[in-house]
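Going in written order, the chains are labelled A, B, C, D and E, and every chain counts its residues from 1.
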Amino acid sequence: QDETTACLITKTDTNPFFVKMREGATAKAEELGINLMTFAGQIDGDHETQVQAIETCIASGASGILITASDTSSIVSSVEQAREAGILVIALDTPLDPIDAADATFATDNFRAGELIGQWARETLGDEAENARIAMLDLGVSQPTVGVLRDQGFLTGFGIDVGDPNRWGDEDDPRIVGHDVTAGNEEGGRQAMENLLAQDPMINVVYTINEPAAAGAYEALKAIGRENDVMIVSIDGGCPGVQNVGDGVIGATAQQYPLQMASLGIEAIAQYAEDGTLPQPTEGKEFFDTGVQLVTDQPVEGIESITVEEGMELCWG
Amino acid sequence: MEPILNAKNLVKRYGKVIALDHCDFELYPGEVLAVIGDNGAGKSTLIKALSGAVVPDGGEVWLEGARVHFHSPTDAREAGIETVYQTLAMSPALSITDNMFMGRELRKPGIMGKWFRQLDHKAMEDFARKKLSDLGLMTIQNINQAVETLSGGQRQGVAVARAAAFGSKVIILDEPTAALGVKESRRVLDLIQDVRSRGIPIILISHNMPHVFEVADRIHVHRLGRRLCVIDPKDYTMSDAVAFMTGAKEPEAVAA
Amino acid sequence: MEPILNAKNLVKRYGKVIALDHCDFELYPGEVLAVIGDNGAGKSTLIKALSGAVVPDGGEVWLEGARVHFHSPTDAREAGIETVYQTLAMSPALSITDNMFMGRELRKPGIMGKWFRQLDHKAMEDFARKKLSDLGLMTIQNINQAVETLSGGQRQGVAVARAAAFGSKVIILDEPTAALGVKESRRVLDLIQDVRSRGIPIILISHNMPHVFEVADRIHVHRLGRRLCVIDPKDYTMSDAVAFMTGAKEPEAVAA
Amino acid sequence: MSQSDSYEDIVKARREEKFAEFEDERKGLLHKFHHALHVTPALVPLIVLVASIVIFGVLLGSRFFSPFALTLILQQVQIVGIVAAAQSLVILTAGIDLSVGAITVLSSVVMGQFAFRYGIPVPVAVACGLACGALCGALNGFLVSRMKLPPFIVTLGTWQIILATNYLYSANETIRAQEIEESAPLLHLMGAKFQIGGAVFTVGVVFMIVLMLVLSWVLRYTAWGRHVYAVGDDPEAAQLSGVNVKGTLLSVYMLSGLICAFAGWALIGRIGSVSPTSAYEANIESITAVVIGGISLFGGRGSILGSLFGALIVGVFTLGLRLLGADAQWTYFFIGVLIIAAVAVDQWIRKVSA
Amino acid sequence: MSQSDSYEDIVKARREEKFAEFEDERKGLLHKFHHALHVTPALVPLIVLVASIVIFGVLLGSRFFSPFALTLILQQVQIVGIVAAAQSLVILTAGIDLSVGAITVLSSVVMGQFAFRYGIPVPVAVACGLACGALCGALNGFLVSRMKLPPFIVTLGTWQIILATNYLYSANETIRAQEIEESAPLLHLMGAKFQIGGAVFTVGVVFMIVLMLVLSWVLRYTAWGRHVYAVGDDPEAAQLSGVNVKGTLLSVYMLSGLICAFAGWALIGRIGSVSPTSAYEANIESITAVVIGGISLFGGRGSILGSLFGALIVGVFTLGLRLLGADAQWTYFFIGVLIIAAVAVDQWIRKVSA
């Protein structure tokens, strides 16, 4: 059996983001004649299944592992084991903690993604930003890292002191109406939005962890007829999400490129299997930044962004 | 005379135990047939096989000369056979009325009944109250009381009344007086006479010899899973019956 | 003579129902005391109050002249009172031995028993087998059989044997023969005589008048939650007893 | 020891007997209240519900105690409420249905994908979604009633099977609200709103309430309903007294599946889009509503209206705590306390009123 | 109808009786096998386990059928296996413990935070974590045994309470493996590895196996063990025949909590770090292991070793399917089928061998 085997381990296989990532990896693997095995946790945050997946990869003699870690530090011990077994480990989408625990990282900077939409929101509001009423729709009560990074990035971009940057909910800026959790889906988005609206019906800025949550929040706003005077920002850049930016559901979203992460990852593994070359990070960064771009049809000065049309070309899912 | 209910060669196994071992059975119109036998002889299993509660592994059952195949108690009930099981078979949380009409509820006349299948609670309650007091078995204060709030004796009374009210061809009573006091047992015996006088035959399982000899027309003696003999209580003493069923004495020939 | 077990003014309510209504009770050393009464009269509640299975709302219990407060059946058992409840109180999935020794298991001698608390299965099995066959009540083929595989009669036998084996001061039997056949009932009556001959007093609840009059030294007649009278079976007929307990006749005075 | 043969003569003659009558020490209003609690099992959760509304109303004033906020709670609990109706039926038969959430989301996905992927006319697609729910329920019912496997295990298995099917079939694709609005508005039917004063109702909310009322009528006034209770109470006794136990169980699980499919439809109305990741928590939330509503997990006891109140109690607490400023984690904590407290109160009231 | 008074004389004399003896139609090996199945409830899952190892061994060859892969399964199931031991105890008493996962993770967080946040000596911190688990179990036990609330509801409530406490207390902080290795290596004890040939064992795996063996011994050979079965079989009967039912229940829940705390310790060893988001699926996975292992959810029947085999069966399937390249959703799908099939086979074997 001479074939090179690669593994792709995602947080879940129910989120289109990871579905797309898998598609990208599969296509590239086919092209390069690599045997690909895919694994996923049951929910976002399920790192134990990811540990099992790494072990399975070791057992099946893989040359490389691509992983989007559900828990950035809990996975490190297993990653070490894999590397000791001579396997190339590349973190996708989410950097490990510490970042050099993986051989390489092809990722979006989630904090940066949040910062982008935060800045965009502040600039778009202008002076009104001082009186903003902000709703924060987060992922879950267990505060997974991505959720925290995006949330705190958004607040930083908006110019709000975040307190402890490792958790949300400890800020005391009066503009924040509250944080609620959405499980990253439409249903959760709607309920969380309703809860926060009941607390303060005058909310005018809504941060959402991802686009499904944003779609849910929009339904809640529509139900009380406020869908046109509230700004929703989000992160991900999936096709339905970008379309929603076009339809005015979402004001701006920060787009990531899972397909690219995956295909780059597969290429790097193929290279490594062939001659042992390790992939190199982006200059000046600890990781290879696959980039994040702001998608909006209302660009503001000083913040680079692409249009919805451009976003649709690059979108996934 | 043709037997109204009869069975041939019934076999029922529970794992290693053979509860019915090629057992025959006959019940004639209008009679009270007592079934006696040691604990574990297979009496309950026999009547369960007759009433559809158990599907025998082998053998045949005839009702009024026609071969029948009961696959559930409902089948037997529809054929007119009512049974009071040893375990009573009541739903404790439901009312007396609910229990009496379980599986044969009355629906309201008109649209509500036909289209919406609404039950006629009133009619059922009246019927239940009437049956219970007709039979003079007891005074139930509240016909909508949950069965679990009744004393053991009252419960047994409801079960017997249900069987007596609906049994059109055969009524089967499995140890109906086991848990009852002297007075309450007497009421059940009265009821048995009552039912017989209406021409409906009864199968009565009991360990109480004086009661058996008082009300039975014939006695089926069950031993080790089969019918040992059938005796006429006028020809034999209780001592004989007990001797047969415990194996202390062999019956001369297959009698009556 | 001092009563060995006695109770005064016991009261127990279940919601609206008063199961014990200021009931008195006395049991004398070495006697068989029968308790009779209609269904629902409160007999089982009375013996439950005496054996700790029910904590009475009011009243006092004395054992050998000392006031006792039983909060659970274990308390009463430790004081030497063994009870066979109407519901038998067996764990169906466990073996005969396990059931006989439930709550008073024997541990192995030496380290295994003391430190690791290992049970002495062998000793318990031998004891159980001996008790069952000593009492000649039945032949149990396999002492490690699950109780649920026994017939009703055998189960009752195990319960009675357990009580007889461990009861050092008082043995209480609540309708021990209700589900039993003629032969099996007789064995239980023999056992009662046996136990009495060892000097241990017995409380026997039964609806079977001939049995009561055969074995009882005194009869406690229970009616509407209280003791109506206590009669001596030699002075009264069964008819009298039934008349008292059903309320057909009033006792002249509080007798015996 | 003579005359033993004729002792029964005493009882042969019937005497007028006075029944044991005990003076009832509790009188008046309190007694009537106790009696009402005893005969109406849904009353306890109703009292808890009213009490919690009053308490939050006092604490929060008109922010909470307004037609808007109160009807918002109705909207928030509609999915859980509908699913809880299905769950109640199953639990009344002494079963449990862990697959309700999976059936709900699969049915909604079938409705959406049939309409969009295959271009089937929307009413037909909706019917297919409903049929899909009933079919999943029938699978559960078959395994429980014919194969006699324990409901917990059966539905633990079908939960995973149906959920995996959902992801595999949908390919994790979301259908966006805007597209649905354009070309299949019927899918949004359950989300349609109407206002009465400040109160906002949706068709889904009305559906939930009507469903609960109809089911509670059916359970009480039809033979089928009585059989559901009888089967849950003691299946063997029910079988012996003439109930078609297998048929009843099968119909209950099928109906449960069908109701879940309606919940799936309502889900589309509520969240706007069709998303295969929805309704993940519906199992645990519906069971919570049912137990807070006072239906016994051992079957045969309780009223289905109780589940509606149970769902509303959770809704009131969630919104109320959020409005009080408790953050999400503390809300989670208090819901846990609430579950235990509600059941403890229930036990206590029943004991006192016994 | 004469002589009625003396009919009992017949039975006064004892006769030598031959007992009803029925010829046993099934003979030889097959019969012995049936008998063994009947008296050893853990045998059925063991057979299923061996069969599935053989099947995957044939399908996958040495990739699966190697000491390394087989011991890997042991490592992968160790947490679920330990938790399943706790769950088994509770289920044997006819209860259920939905809070096992929450207790596991909270205990691990307590061990970690006590050592790092407060700088308590590590052995003491571990002891505190174990105490925390036992305490949580005691809370469940108190509510179940004294307040007489249904275990399902109690643990549904404490699940949320404990999990929320876990998030609140840990402040969502993960303690990194590197730090633990440096300053509190005792926390990693359960993860320490040793090799025998190609087989890799960890202390946690050994702990799981020893725990199962000890518990199965205790359940069989001590009075407490017999009482656990008696309480699950029929609590009222157990109470009447002299078992301290409340005490037994309390001790079972406490022990369950303590075992979960050990699972928490093993969790640190396995994943290296202390993370408040771990063990999320432990509830459902442990219950799955227990039911596949053949312990009745109605209590009182089954063997705790069965749960170990149940956990291993799931482990074998998961690894086997993954190595076969089935993707995750198909794996869940097949696990669902497996659950139902395992129980159906179990039922069938029991029926045939009855």
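In this section, a residue touches a chain if its C-beta (ideal position, glycine included) is under 8 Å from a C-beta of that chain, and two chains touch if they have at least 3 such contacts.
The structure displayed is predicted, hence computed values, not measured ones.
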Task = List every chain that touches both chain C and chain D.
result = B, E
Task = If you tally contacting C-beta pairs, which comes out ahead, A-D or B-E? Let me know.
result = A-D
Task = Mind checking the centre-to-centre distance between chain A and chain E? Centres are C-alpha means, answer in whole Å.
result = 37
Ask   = For chain C and chain E, what's the span in angstrom between their mean Cα positions?
value = 39
Request  = Would you mind pulling out the distance in Å between where the CA atoms of chain A average out and where those of chain B do?
outcome  = 72
Ask   = Mind pulling the chain B residues that touch 2 or more other chains?
value = 40, 182-183, 209-210, 242, 246
Note = Flagged in chain E as touching 2+ other chains are 4-5, 7-8, 10-11, 164, 167, 329, 332
Task = Mind pulling the residue numbers of chain A that touch at least two other chains?
result = 13, 43, 141
Task = Identify every two-chain combination in which the chains touch.
result = A-D, A-E, B-C, B-D, B-E, C-D, C-E, D-E
Remark   = Per the touch rule above, chain A residues touching chain D in the complex are 13-16, 19, 43, 141, 169, 178-181, 183-187, 189-191, 194-196, 198-199, 212, 215-216, 218-219, 222-223, 240, 243-244, 247, 249, 317
Request  = Report the residues of chain C in contact with chain B in the complex, numbered from low to high.
outcome  = 37-40, 151-154, 175, 178-185, 207, 209, 242, 245-246
Remark   = In the complex, chain D touches chain E at residues 4-5, 143, 147-150, 152-154, 156-161, 163-165, 167-168, 284, 287-288, 291, 297, 329-330, 332-333, 335-340, 343-344, 347
Remark   = chain D residues touching chain A in their complex are 63-64, 69, 72, 75-76, 79, 167, 171-174, 176-178, 191, 193, 200, 267, 270-273, 275-281, 318-319, 322-323, 325, 327-329, 332
Task = Can you check the complex and tell me which residues of chain B touch chain E?
result = 14-18, 21, 40, 209-210, 213, 224-225, 233-234, 237-239, 241-243, 246-248
